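The first chain written gets the first letter, and so on, giving A, B, C and D; residue counts start at 1 in each chain.
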Amino acid sequence: MPLIEIHPQLAHNHGAANLKQEPFSWQLLIDRGVEILFLATPHEQSREWVPEALARGIRVIDLSGAWRLTDSANRAIYAFADEGTSQAASIQSQAVYGMPELHRSAIAGARLIANPGCYATSVILGLRPLVAAGLVDLDHGIVADSKSGVSGAGKAATAKTHFMYAADNLSAYGVFTHRHTGELLEQIGLDASQIVFTPHLLPIPRGILSTIYVYFSQPQSPESVSRVYHEFFAGSPMVRLYDHALPQIQYSVRTNYCDIGFQLASDGRRAVIVSCLDNLLKGASSQAVQNMNLMLGYGEAEGLE
Amino acid sequence: MPLIEIHPQLAHNHGAANLKQEPFSWQLLIDRGVEILFLATPHEQSREWVPEALARGIRVIDLSGAWRLTDSANRAIYAFADEGTSQAASIQSQAVYGMPELHRSAIAGARLIANPGCYATSVILGLRPLVAAGLVDLDHGIVADSKSGVSGAGKAATAKTHFMYAADNLSAYGVFTHRHTGELLEQIGLDASQIVFTPHLLPIPRGILSTIYVYFSQPQSPESVSRVYHEFFAGSPMVRLYDHALPQIQYSVRTNYCDIGFQLASDGRRAVIVSCLDNLLKGASSQAVQNMNLMLGYGEAEGLE
Amino acid sequence: MPLIEIHPQLAHNHGAANLKQEPFSWQLLIDRGVEILFLATPHEQSREWVPEALARGIRVIDLSGAWRLTDSANRAIYAFADEGTSQAASIQSQAVYGMPELHRSAIAGARLIANPGCYATSVILGLRPLVAAGLVDLDHGIVADSKSGVSGAGKAATAKTHFMYAADNLSAYGVFTHRHTGELLEQIGLDASQIVFTPHLLPIPRGILSTIYVYFSQPQSPESVSRVYHEFFAGSPMVRLYDHALPQIQYSVRTNYCDIGFQLASDGRRAVIVSCLDNLLKGASSQAVQNMNLMLGYGEAEGLE
Amino acid sequence: MPLIEIHPQLAHNHGAANLKQEPFSWQLLIDRGVEILFLATPHEQSREWVPEALARGIRVIDLSGAWRLTDSANRAIYAFADEGTSQAASIQSQAVYGMPELHRSAIAGARLIANPGCYATSVILGLRPLVAAGLVDLDHGIVADSKSGVSGAGKAATAKTHFMYAADNLSAYGVFTHRHTGELLEQIGLDASQIVFTPHLLPIPRGILSTIYVYFSQPQSPESVSRVYHEFFAGSPMVRLYDHALPQIQYSVRTNYCDIGFQLASDGRRAVIVSCLDNLLKGASSQAVQNMNLMLGYGEAEGLE
């Protein structure tokens, strides 16, 4: 099917107008000299294709949830057919969680990137610096209340992506059961009892805003918290820290940035962190490009600013 | 100004077409035999008019924040000009917080009703039953993450009610400083350190959804939590409890109901409560009618179902 | 399936909570003593069930397009399987187009009502009075530019009802080919060459606004045009005429009214008519109730104001 | 005021973070060596500043309506204070209507560009090719039914830009009186009686879709109409012609393209043209850049694709 039947506006673009969708074949990839394969397939498909790609010497950036979780207890929710096989374990051991702000050097040398979930990206980037610095009282419990635009629910026409369901509405879903929870636990370093994560469906096309609530072990000042973030994200071009305002969805949509800001209670013990990104970009495709840049030795922000 | 210049669709309605907006005067109220005055004025105006109305023997249902708070520390945020006068103290002592589910009998005999804030209604109704039953570990801290449609920001044309600000956006505001916080503390019975309340502006015309996070002192079952809610709201016709699904904004908009549901973590120690209502109805005008019904001895749900 | 699994908010309503969806059977209708059957089925289903209902002595209000068109050329677009059979012709001859403002007395005595299309209702009510009065220069051509909310596209989850397709968008469709065109021709009394009708998909849940362009044979004044409308709709409680403003979608949504206003060019020869209604109410279900009221001898607006 | 207080997301951008808003002064322009001044001011301000800029040898691209209309009858609607003065007449005579697709060579040499209105751009580009080719029966009358997102109404917070007015609504306005009408008449070459233009306010942030209705003097085929458009826009990089589908708002938003498609009735005599653009880009700022490119001898599409 020619691309322009799906996106008629591309007919004018001579490059795109001639592009065809082609059936997938390994031979085609080899003929074209593909070095890195982006996979945006269902999880099960990725479980099947990634081993073959690696065996053929093709590096993979996988946008599904297939290889994100190292702990089998966290992976259980996906119920992968090949769970427990030695091949799957071997592939999993090679996978690097593709969040440059946490795993920059490992990504550069990786053969398989598990590109992070959109919700997970927003929550991990907001929380990891504070937890890593030892500021957060984990026993007090963390709350991550996330809201996402409808594109996060995928392109399939379903009851929940119907305009009449989403418009003029807000709904919580996947309470205590959302599949991105495992990513939060593993990447932030938490027990399941230490965080509650609740996603909501927003009546907008794109964008995620996560409101994150933490208690500090010791009273903090805005300056001390800000310093922790700035140090953690020094050298991270795709995170924007807001020192004088809170981020909003409209600031980060159509960018590859994750925007992070916070507000402290007057007691210095409680903080509200707001983390925003575009679920289709920093939450998916352009974070994948950010990973590719690192794998190929390009500038990390190449093509993304 | 004839009403039909503001609402042209009423021109067809012969009753409404002849209605005029009239300048306020006490004499007019007396001539018309008004027994109960609904005030939907700025806070300061209510501070001025309520004493006079009561002095003239007219009962008042005040929709502003003027008389909702009994603790002067909580009231400080309003910086009322008459704060600390004996008249203000005397009026305040007569005010009843107009939430029938908590103060039904006091409302019936009240001369002054302080009609609750919209956010406050959604959070208090979701939390009060659990706190009153002693289930909640208050030291663990409660989070109330609330989201409201734009009508909650009023009819004034401002930068924040501009379509271009609100549409396709989500933003947190008033973090740790929102004026409804005092209502939560007083009506639920909390210290300021025991709850964090964060309002957000949703890109929809109306509706509030509050996602509330609590830790229980002892593990609970869905049945035990449900029982607490059902007992608390027995005899409360305007609260709908959801035992098999979570409420959504679209279920409660254009009704006078507050819809409440919850989900329990598998450890029985953590719960997410979802509370929805229409900020213009149960969050304002129709809760005022509900109060009036009680004051006049009508059925509480009269005209509201 | 219990109704409350589809609409959880009804669980609180004791009447609705016990309602079950029941499989259709003629025996059930007979056992319950059904006098009038509302059919909201696909067109083909109505072609099949209506003959049987009538044979069993049950009157039908059919909300599909199955029986709206008397001219077989106009019907061709539906390609009914039973087209041309004598039974279909016989049923068609009994069908009354269910627009009370045009066919009030025929509706009262009808056994089969073909409830009008939503777009058609808005255009016919805006145009028929002017054409019937002989004001419109038909050779000059009429334009009806209509815009509808997404509920007009039905409850099925399709590419076009996906939030990502409809939101932040506007698209024309069915240009020169929309199935409601035949209703316009037959009910207004036009040749196919005398009107161009273009529907558009609006990014809102509900509501239709039709902007209609006509040329008058003789110059008119606002008063003369207004008089024509008022005379035509005298005794029609469900049409609201706007003499001092134009209707908007938000005025008519959630009402059973069709709102009509117009603006005249200074030359008195050209007019723009704006006609608004709620596609789910006056454009469908509540117009069906309006028809039922007439069939049962109730007041036409009973339950609709 | 620092730019980052208005747009906090720019704080991260080192270039933008240091930008200040500066008070306007001619000396500043001279000191900075400004060659071309973009004016996005109220009409009256442009009437005042443009003469001075030209006198100082600074070329101007004016985005207001101040200098778009050559016919004083069309200009009357603006009621300019300096209307009829010889200075105003002299400036007006130098102004070139900044639509490259119609006036490319005049723009290249112009000292004053009157940048077109957003609605006007969409309608003129859709109609001018057909009228210029003599296809359109002008006596039959043209209808241009245009719909615009809320950003077209400006950044001022008003009753009509309030979210509660625009959301879930559609309204026609300025019927027979909109100020862009004069641009249509002058640039397409029409008498006031030959076109009816009706703008509508869409509940979306940005984008214009104009549905245009014409009658042809002689029957046309899709091919003959398509040929006229392709010939007219040969060498126009910022117009995209749709031969196999109709444009939609979502295709052109956030681009500098004007997208044009059409559908022909089976009689070949009637056509519906759909023209889409982004009112903030091809309808304003990026069309201004397109004009600048021509004035400075750059590629017309430089920086716009």
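Convention: contacts are C-beta pairs under 8 Å (C-beta built on N, C-alpha and C of every residue); 3 or more make two chains touch, one makes a residue touch a chain.
Keep in mind the model is a prediction, meaning the values are calculated, not measured.
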- If you take the mean of the Cα atoms for each chain, which one ends up farthest from subunit C? A
- Would you mind telling me which chain pair, A-D or A-B, is linked by more contacting C-beta pairs? A-B
- Message: Distance between subunit A and subunit D based on Cα centroids, please, to the nearest Å.
- Response: 40
- Rounded Å distance, subunit A centre to subunit B centre (Cα mean): 37
- Residues of subunit B that touch two or more other chains sit at 168, 203-205
- Complex contact set, residues of subunit B against subunit D: 150-151, 155, 157-159, 161-168, 203-205
- Query: Residues of subunit B touching subunit C in their complex?
  - Reply: 4-5, 7-9, 11-12, 168, 240-245, 247, 251-252, 254-255, 257, 259
- Query: In their complex, what parts of subunit D are in touch with subunit C?
  - Reply: 140-141, 143, 145, 147, 168-173, 175-176, 193, 196, 198, 200, 202-205, 207, 209, 211, 213, 215, 246, 248-250, 253, 263-267, 269-270, 272, 274
